[in-house]
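One structure, as structure tokens, below. Some questions next.
Chain lettering (A, B, C and D) follows the sequence in which the chains are written, and residue indices restart at 1 in each chain.
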């Protein structure tokens, strides 16, 4: 056995992430790190990692995360390293009619790998509403609908903001989800979902098409899970750019 | 400090539970036990409990569970004892139009306490659909709906089957949830939910009224959580028989 | 049914919490709110709550949280209100020998109730090491030990910092837990745990005694769960100030 | 987009699994299924799957699971299908000195894929104790130890019982974990762990060597996570047969 992958799981750490709007957003990340390294450096592994992380925590972005990963690999004298940082990310979102502002929570993940080469994946989990086309078609009134969770993972050239990837995903469901809705907004989202019936596989296809059209996205995978309102199980669909 | 409550958490154990239909249902329970006992008996606590449990696991019911608890208390020479057993419970349920049979999963819990006196609580968690009255009223078509989870806890005289408590809860939402639905069934549940719009507090009130009318139920509490399809948070309502 | 308790569950929101050291700590809270209110005010409930929360999020403390709760009750014209805010809280902690600084994560919760009267509970969850007295006594060398989680909930007069409650709990186990340990520190914590063997009920009693001696704490409950290294289940103990 | 992967997540179902000892063990499985299929067959997907599952639930094994998967693919006219079934599995285990019998819970998973070709993976999650070599070496007495969870995934020729894979994993840690231990047993496991200090990467290497020596195992991956008693995070190690 030549390679020894060791790591730390479930480190929780406060970090500040750069926002598209120019600010820094304070959040709490869950971090996993794995490294392939000679046994003699093993004992100082946690200390080295946390020391490096500590210098980066106050100003994080997809680009800076890749520098952090590079420094982790070098300081640990590792052959390769894998770093995963998952965090809640809040974006102010305006209700569709009244414009009432509310904070929406999304989940983001940065995943970096570095060895001979290297790769970076930006992942987002975004809630949306799905309204069942079959239920609408066969019923005299109404249609079952429910919250769904859509996950998009992308590799890209240059730089992409999490805000833009989230925005791309949000347009993919029967209707977007909001934190604050007044009556005219609730009327709007109810009717919009009814006018845009989609199975989870329709959501996945639409998000995939949008990702494919994005000039900087070089690879992606997209999944959607719909917490069916008429069943206890979830409906699920999945596609990646290699399938297309 | 006169009393010392010690216990074991998260014991997983296969048990067989008596069904209303006359059979025995094999399931896997998560068990917590707490006892107040003199320190000298402390060390043998786990062994004693598992030895007693082992003799009861093959034939469990609300009544037999109370005997198990009594024996646990006596064998441990405890002043008092608390036992909680939570398990998935499956009931065959027929689709509303075609009668297609499918297995529905519910969560049940037996909670027993014994000291000077004693008490027993039967808890069930049942999925249901809620359809928003406000959304229906203000929209030209459609209405947002979603899966909800309804929890009913009851104390009672005599004996009550979990099947009957689950059945009572299922009639409380905008529509019941099924595991298998063909097209005529899906039309039925879609339209039924649309014709029975309910906020979570309406569900809670209806289940509470049914529990109040039950001749054997002497105390209850009921909660409902609705996984809103247009938001990321849940709506929630709660009432117990002392409030009524 | 006179009272109708309705609420929202699982609202996630960024908040800033006052630190004992004088700063503000940015974290992400999970919030539940329940109110008893006339049906006519029900629909605006989420909007009102989030609007009020929004004005308080940037500067939170146990005292300010109680003002927030009071304003929520008044603005909603509720008979009573219950508010729960749970959040990860980070404190810099120095390793016991080398003094190496690292960030420790604790979980804190503020729970406030307001009706005729009112109450406030501060809860903390703190990791610690337990080393089994029985295992040490009967073995020629070594003793099984493991991570435990200790939960202390307190009511108090005046004001208490979460930092001080966490500190009180940390002295209650066989040894404290740290995020960063160098070799002399690891020797220290290993030997300290071995010299302080404790069952979970010993931990609970020690923390209870410290809470009882605290001049401002008027009520408390303490629980400890030990993730046994030689079993798959947890050992558990529990006491509250009414038992003492 | 040629392929459309759709599926169902989180179906819970009672199943009976063949035991090495000749009996059938009743347990409750969590099932995910994904299929690539033409859109026209999509609507009947859940019904078809549950109908097929229903005929297999009473007598399941690794071999029968592969037949189930084949029938699912054919009945759905799918190009390919993926089926995952995770379940708690109980094995009676005797304490090492007194021979006291107790039930241990393990987690097992069957994962099958079928398309042009096909594959089957048997996964087990097994608890064990790890005792830190560094802590033991530098301390005058004691050594920190903790529960770890070891995951082994295997592909194989012919047939392998889950019992045998679990047994292989259990010999890989500093000491095995038991559900029932009397005093002589507790002395034994305490001393055995102290005499077999292992980092998670040592556990992973030992399990990997045992898997490599097994005549029927053709591929494997093994991971171990140690819930460090002196930290709040986990130590982690990972290897697969392609690395060796």
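Keep in mind that, in the parts below, a residue touches a chain if its C-beta (ideal position, glycine included) is under 8 Å from a C-beta of that chain, and two chains touch if they have at least 3 such contacts.
Molecules present, by chain and UniProt name: A, B, C, D = GTP cyclohydrolase FolE2.
Just so you know, these numbers come straight off a predicted model, no measurement behind them.
Participant: Does B-C or A-C have the larger number of C-beta pairs in contact?
Facilitator: Spelling it out, more C-beta pairs touch across B-C than across the other pair.
Participant: Which one, A-B, A-D or B-D, has the same contacts as C-D for more than half of its contact pairs?
Facilitator: A-B
Participant: Counting only Cα atoms for the centres, state how far chain A (GTP cyclohydrolase FolE2) is from chain C (GTP cyclohydrolase FolE2) in Å.
Facilitator: 30
Participant: So which stretches of chain D (GTP cyclohydrolase FolE2) touch two or more other chains?
Facilitator: 12, 43, 46, 105, 134, 179, 183, 231-233
Participant: For a test of understanding, state which residues of chain D (GTP cyclohydrolase FolE2) touch chain B (GTP cyclohydrolase FolE2) in their complex under the given definition.
Facilitator: Contact set of chain D (GTP cyclohydrolase FolE2) toward chain B (GTP cyclohydrolase FolE2): 12-14, 16, 25-28, 43, 46-47, 50, 54, 88, 90, 100, 102-103, 105, 179-180, 182-183.
Participant: Show which residues of chain C (GTP cyclohydrolase FolE2) lie in contact with chain D (GTP cyclohydrolase FolE2) when the two form their complex.
Facilitator: It comes out as residues 104-105, 127, 129, 131-132, 134-136, 138-147, 175, 177-179, 181, 183, 186-187, 189-191, 193-194, 227-233.
Participant: Under the stated contact criterion, what part of chain D (GTP cyclohydrolase FolE2) meets chain A (GTP cyclohydrolase FolE2) in this complex?
Facilitator: 1-12, 32, 34, 39, 42-43, 46, 134, 199-201, 205, 208, 225, 231-239, 243-244
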